[in-house]
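Scroll down for the structure; my scribbles are underneath it.
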Amino acid sequence: MLDILLASLLSPVVLAFALGALAVAVKSDLEIPAPLYRALSIYLLLAIGLKGGTALSETPLGEVVWPVVGTVGLGMLTPITAYAVLRRLGKMDRTNAAALAAHYGSVSAVTFIAAVTVAAFAGVPSEGFMPALVALLEVPAIIVGLLIAYARGERAGSWQDAMKEVVTGQSIVLLLGGMAIGWIAGKEGMAPVEPFFVGGFQGALTLFLLEMGMAAARRLRDLRSVGVFLVAFGIVMPLLHGALGVWVGGLTGLSVGGAAVLGAMVASASYIAAPAAVRVGLPEANLAYYLTASLGITFPFNLTVGIPIYLALAQYLGG
Amino acid sequence: MQTVPYRLVTIVAESTVRDRLLSAIHRLGATGHTMSEVRGEGTRGGMQGATWERPSVKIETIVTVDVAEQIANHVAENYFRHHSVIVYLQDVEVLRGSKYAPQNEEA
Amino acid sequence: MQTVPYRLVTIVAESTVRDRLLSAIHRLGATGHTMSEVRGEGTRGGMQGATWERPSVKIETIVTVDVAEQIANHVAENYFRHHSVIVYLQDVEVLRGSKYAPQNEEA
Amino acid sequence: MQTVPYRLVTIVAESTVRDRLLSAIHRLGATGHTMSEVRGEGTRGGMQGATWERPSVKIETIVTVDVAEQIANHVAENYFRHHSVIVYLQDVEVLRGSKYAPQNEEA
Amino acid sequence: MLDILLASLLSPVVLAFALGALAVAVKSDLEIPAPLYRALSIYLLLAIGLKGGTALSETPLGEVVWPVVGTVGLGMLTPITAYAVLRRLGKMDRTNAAALAAHYGSVSAVTFIAAVTVAAFAGVPSEGFMPALVALLEVPAIIVGLLIAYARGERAGSWQDAMKEVVTGQSIVLLLGGMAIGWIAGKEGMAPVEPFFVGGFQGALTLFLLEMGMAAARRLRDLRSVGVFLVAFGIVMPLLHGALGVWVGGLTGLSVGGAAVLGAMVASASYIAAPAAVRVGLPEANLAYYLTASLGITFPFNLTVGIPIYLALAQYLGG
Amino acid sequence: MLDILLASLLSPVVLAFALGALAVAVKSDLEIPAPLYRALSIYLLLAIGLKGGTALSETPLGEVVWPVVGTVGLGMLTPITAYAVLRRLGKMDRTNAAALAAHYGSVSAVTFIAAVTVAAFAGVPSEGFMPALVALLEVPAIIVGLLIAYARGERAGSWQDAMKEVVTGQSIVLLLGGMAIGWIAGKEGMAPVEPFFVGGFQGALTLFLLEMGMAAARRLRDLRSVGVFLVAFGIVMPLLHGALGVWVGGLTGLSVGGAAVLGAMVASASYIAAPAAVRVGLPEANLAYYLTASLGITFPFNLTVGIPIYLALAQYLGG
C-alpha cells in the first residue's frame, strides 16, 4: 500500500498538479493558454474513448454486461446518497444539495485516468473497457441530481436545455464518439493513430494536470465561503462512494484493478460536465459550493490519497 | 457621409447562456452580432472566466432604439437574477443604416 | 482631468481584408489601432467566423473627427458592396489627446 | 426600462502591466471588469502584440463618473510616460445600476 | 475494391469526420478551438512538405520530370473544364463559374493525405515525392481560374493582391518550405524530428478531420441556397477529373498507387487556398456556392467514395 | 569544424528558423497562432526541466558543484562586462546599458537546446544536468543588470515587482518545476511521459523556431533605429562571452560538449525572461534596443555561426 501511495504521489502527473498549485501560490505569471487547455481536454477525452472502444471490440459481451449494470446502478444511487448526506447532516438547502449531488454522482475523467495508471503500475491492470463505464457513469447521475431538484417545485433553469447539455455535452460526444470509432476501426485500424493517442497520452495528461493544479488552487481561495462541513464532505463522501464502488466492482466480476478503478470513478466528482449542466438546469445553485468542493477538495484528495486507498481496499476484498 | 443613429447593445455573459442569448437577440430583431471571448470579474466573482471551462463571451449587436430596449429588458428579466450577465447600451452612428433594422425597412 | 473629444471608429471585417484595411486607416491619418479576433454573423451569414479559416477581425482606432469621417467613407466605398464589413462611430474622451492627431498637432 | 448613466472606461495596455492595472482599478472603486486579448499598434510601435510574448490586453470597466475620473488620472500619471497604455472614456446606460457603484449605494 | 472501400470508410480518420458532422447535427456544444485547428493545419502542411522533400532528396530527377509536367498541365486544364461545365450545363454566371473553377482546379491537401493512406493500405503505395505535386497543382489552377474572370471585364477585386495571396499563402509557404527543409536536411537530418512529424501525423489528422466534419456539416445548412445542379456538379466533376488524373498519372509513369493519388488530387477541390485567393480576387463571387460545393459536398464525397473509386480505376488501368 | 557548421546550418531546426524569416520577408499571410506559440514554449521549458531533473537524479553531487559555482559566477560577471562595453565603447546611457546588460548576462533557452543538439551530433554530448545550469544562469544576470540601474538613482519601475517577475516568471517556474519533477520521479517514473516530452521535443522545437524566425525578422525592421554599434555588439559580445563560458566550463570540469554548451549559454541573450523583467523594472529603457539586439541579431548569430565556433573552441581547448 505505502509503496503504491508513494508511487502515485511521486508520479509526474501528480507532481505536475502540485507544480500548478505552487505556481498559483507564488503568484507566478505562468498561464496555460485557454485553447491549449481545451485542446488537451478534447485530446484526452477522445483518446480515452478510442482506447476503450478498441478494447471493447475485443471483449465478449458477457464480460461487460454486469459491470455495465452495476455502473448505471451506482450512477443512479450515489447522487441520492450524496443528497441525503448534504440535507441531513449538512442541513443544506435543496437546490445546492441537489447541485452537489449531481457532481458527486457523476465522474471525473482525469481521476479515472489516474486510477487506471496507478492500478497498472501496481501490477493489477484494469479491464480495457473501463472507459465505456465512465460514459455510463457520467450521465445518469447528473440527470438524477437535477430530477431531485425539479421534483421539488419551480426552477429558474430549463430542464430541456439541461438534458440537452448533458447528453450532447463535449465530454459525452468525445467519449462515446471515440469509443464508437475505436470499436469500429478495431485494433488493427487504430494502429496508425496509436503513437499520437496512446504514446502521447501520459505526457499530455501531465501538461493538463499542470493547469488542473492551477485551477484547483484558484478554487481554494473560495474555501472560506464554503464552510467546514463542505470540506469534510469533499473528503468523506468520496471514501464512502469509493468503498461502495470497489465493492460493487467486485460483485459484478471486475478484476481487482477494475474494481479499484470503478471505486475511484464512483468516488470522484465531476467538474466539467456536471457544472455545465447545473449552470443551465440549476442556475440558482451556488457555483462556489460545487466547484470548490469537486475541483478544489475532492479531486486533489482522490488524486493523491484516495486512489491508493481504493486500490488497497480492492486488493483486500479481491485478493 | 450621412450616418444613422443606432444603438449598440453589449452583453457580457458566462458561456453557458451564449446560445440562448444569441437566439433571443435575433428573435427580438437583431440582424447580426459580433462576438468575442473575454475574461471577466464581477460581483459573482470571476469563475466564469476560469480556463477550466469556456471563457465568458461578449456579444455586441447594433440595433434600432426599440429593439435595443427589448433586448436589454429580455436580458434583465431572464438572466440578471441567477447568471453572470451584464448588458449596457450606447449610441452609435453607422453607415448603411438599413442593414440593422428588422425587415430592412430604412430607419 | 481634462479630456479631449475624439472619435472611436470600429470596423468589423472578414480576415481577408484586414491588412488592406489597416494600411488604409493609417494612410488616412490614424496614429494607431487596436485589433481583436471576433466571430460574427450578419446579412451575409456567419461564414467568415468559421474556424476552417481565420476568424473575423475587429479594428478600433481613435482619431480626429474628420479622419474618422474619411475612414468611414473609405470603408463604405471600397468594402460594403462585396465584403463582410461594417463600420460604426462613437464619441470618446481621451487623455493625451495629441497622441491621436495626425502629425501630433494638438487637437 | 429605466437605465442609469454610467461611464465605460477602456484601457488598452501591454501585458506587463495588466495585473497592476487590475488591482488599481478595483482599489479605486470598480466593482468588476471585462478583459480581452488584443493586438495593437501605436506611437511606440506594435511590439507588445508580438506573439513572442503575451498579447496586449484591453480592460473595460463600467464605473460611476468620479471613479472613472480617478482611474483615468491614475493611468495617466503612472503609465503614460513609459508604458504602452491608452485610456478612453464613454457614456453608457446600464440596467441594474447599483451593481457598478462602490459599496453598492444606488447611483 | 469493396474491402478497400470498407477499409477507408472505417478508418479512424473518416470516422472522426463523421463524428464531427454528427456533433453538429445533434447541436453538441463540442467546439474545436480555432487556434488548435489552425495549429493542426500548420502542422499537417509542414509535415507533408517535410515528407515530400525527404523523399525527393532520394529520387532521381528523371523519375519526377514527367509527373511534374503532367500535374502542371492538369492544373491548367481542369479549371477550364470545370468552367465550361458550369457555364454550358449549369448556365452559371461568369464570376461564380470562374470562382468555382479555381476551387475545382486546385487541390485539397487532406484529400491528398487520405488518398496516400488508402493507397498504402491497399498495398500499392504512392511515390514519396507526391507532396511536391500537391504544391504544383495548387497554384496554377487558382491563377487560371482568376484569369478567366479577369479576362472578362472589370473586377471588384485586385489581381495583384490575389496573386500575392496565392503564391505567399500559408499552405504554399508551408508545403514548399517544408519540402525545401526536408530536401536539404535529407533522411538522416530529419531523423530526430520524425517522431513528431511522422509518428504523430495520422493522429493529428484524425483530430483535424473532427473539425473538418463539423465545418462541412455547418456548410450543408446552405445547401438549399446552392441548388441541385451544384450538388450534382460537386459529385460528377470530381469523378471526371479523378479519372483524368488517374489516366495522366499512368501516362507520366506513376505507379498504380501514385496514379490513384494523383487522381484524388485532381478530383479534389480546394477549400483553404482557393477561397482565400478568390475572396481577394473575386469578392463579388458568392461564397456560399464555392464553399458549400467544395467543403460540404466534394470533400466528403472524395473522402468516402471517391478515393476507393480512383484507386480501383488505377488498378484496372495499371494492373 | 566546417562539417559541424554545415550540419547545424542544415538541421531542420535552423532551416525552420530561416523559413520563418523568409515568410515574413515575402509578406506571407502565414501566422503562428499565439496560443500555439505559447503552448510550445511551455512544453519546451517543461521538457528541458524534466530532462535535466531526470539526469540530475543520477548524477553524483560532486560532479555538479563546480559547474554550478562557475555558472552562477558567470551570471554575475557577464552583465557587468556587457554594461562596461556598452558604456565605454558604446557611449550608451545608463538605463539602456543596464537593460541590455540584463539581457546579455541572462540566457536563451532555445540557443541552449540548439547547442546541446549540435554537441551531441558532433559526438561530444554534454552533461545531462546542463538544464539545471540554464535556470541558474538566467536569474542572477537579470538581477545584477537591474541592480546596476537601481544603484544609479530614481527609477520609473518597481524593484520588488521586477524581482517577483524574475523569480516567479514562467520560464523559471517551468524549468525549476520540471527539474524537480524529473528529479523526484526519476528515470523509471518518467518513462511513461518520454514519448511526449522526449520523442516530440525536436519536432516541437522545429515548429517553435518557425515562429522565432518570424519574430526575429519582424524585429529586424527596427534595425535602423538601433544603430551600427548595437549590431556589432550583438555579434562581438556573444563571441567574448562564449569564449569565456567555454573556458570556465573547462576549468569547472565539464566535458568538451558541456563546455561548448555552457559557452553557447553564456553567449546567448535572453529574449523572454529578461524583457519581461526589464519592462517592469526599467520601463524607461528603449525596448527596440534590447529586443532587436537579442532576438534579431544575437539569437540568429549564435544559432547559425556561434554554436559551431564555441564547439570548435571547446574541442581545441579540451581536446
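To keep things simple, chains are lettered A, B, C, D, E and F as they appear, and every chain counts its residues starting from 1.
Keep this in mind: contacts are C-beta pairs under 8 Å (C-beta built on N, C-alpha and C of every residue); 3 or more make two chains touch, one makes a residue touch a chain.
Not measured: the values here are computed from a predicted model.
A.B. asks: Given the touch definition stated above, what is the smallest step count connecting chain A to chain F?
C.D. replies: 1
A.B. asks: Compute the centre of every chain as the mean of its C-alpha atoms, then state which one is farthest from the centre of chain B.
C.D. replies: Centre of mass proxy via C-alpha means gives F as farthest from chain B.
A.B. asks: Applying the document's contact definition, name the chain pair with more C-beta pairs in contact, D-F or E-F.
C.D. replies: Ranking D-F and E-F by C-beta contacts puts E-F first.
A.B. asks: Does the chain A and chain E pair touch with the same residues on each side or with different residues, judged by whether over half of the numbers are shared?
C.D. replies: different
A.B. asks: Hey, which chain ends up farthest from chain A, C-alpha centres compared?
C.D. replies: C
A.B. asks: For chain B and chain C, let me know how many angstrom lie between their CA-based centres, rounded off.
C.D. replies: Inter-chain centre distance comes to 20 Å.
A.B. asks: How many angstrom between the C-alpha centroids of chain F and chain B?
C.D. replies: The computed centroid separation for chain B versus chain F comes out at 47 Å.
A.B. asks: Return the residues of chain C touching two or more other chains; collapse runs of consecutive numbers into ranges.
C.D. replies: 36-37, 54, 90
A.B. asks: In chain A, which residues are in touch with two or more of the other chains?
C.D. replies: 31-35, 38-39, 195, 199-200, 276
A.B. asks: Which part of chain F faces chain D closely enough to touch in the complex?
C.D. replies: 32-34, 37-38, 156-157, 161, 211-212, 215, 218, 222, 271-272, 275-276, 279-280, 283-284, 287-288, 291, 295
A.B. asks: Touching residues of chain A toward chain E in the complex: what are they?
C.D. replies: 33-35, 38-39, 42-43, 46, 50, 164-165, 168-170, 173-174, 177, 180-182, 184-185, 189-190, 192-197, 199-200, 276
A.B. asks: Residues of chain D touching chain C in their complex?
C.D. replies: Against chain C, chain D makes touches at 12, 36-43, 49, 56, 58, 69, 72-73, 75-76, 80, 86-90.
A.B. asks: Which positions of chain F touch chain E when the two form their complex?
C.D. replies: Touch residues, chain F against chain E: 7, 10-12, 15-16, 19, 22-23, 26-36, 39, 117, 195, 199-204, 206-207, 210.
A.B. asks: Mind listing the chain B positions that touch chain C in their complex?
C.D. replies: So the residues of chain B touching chain C come out as 1, 3, 6, 8, 31-36, 62, 90-96, 99.
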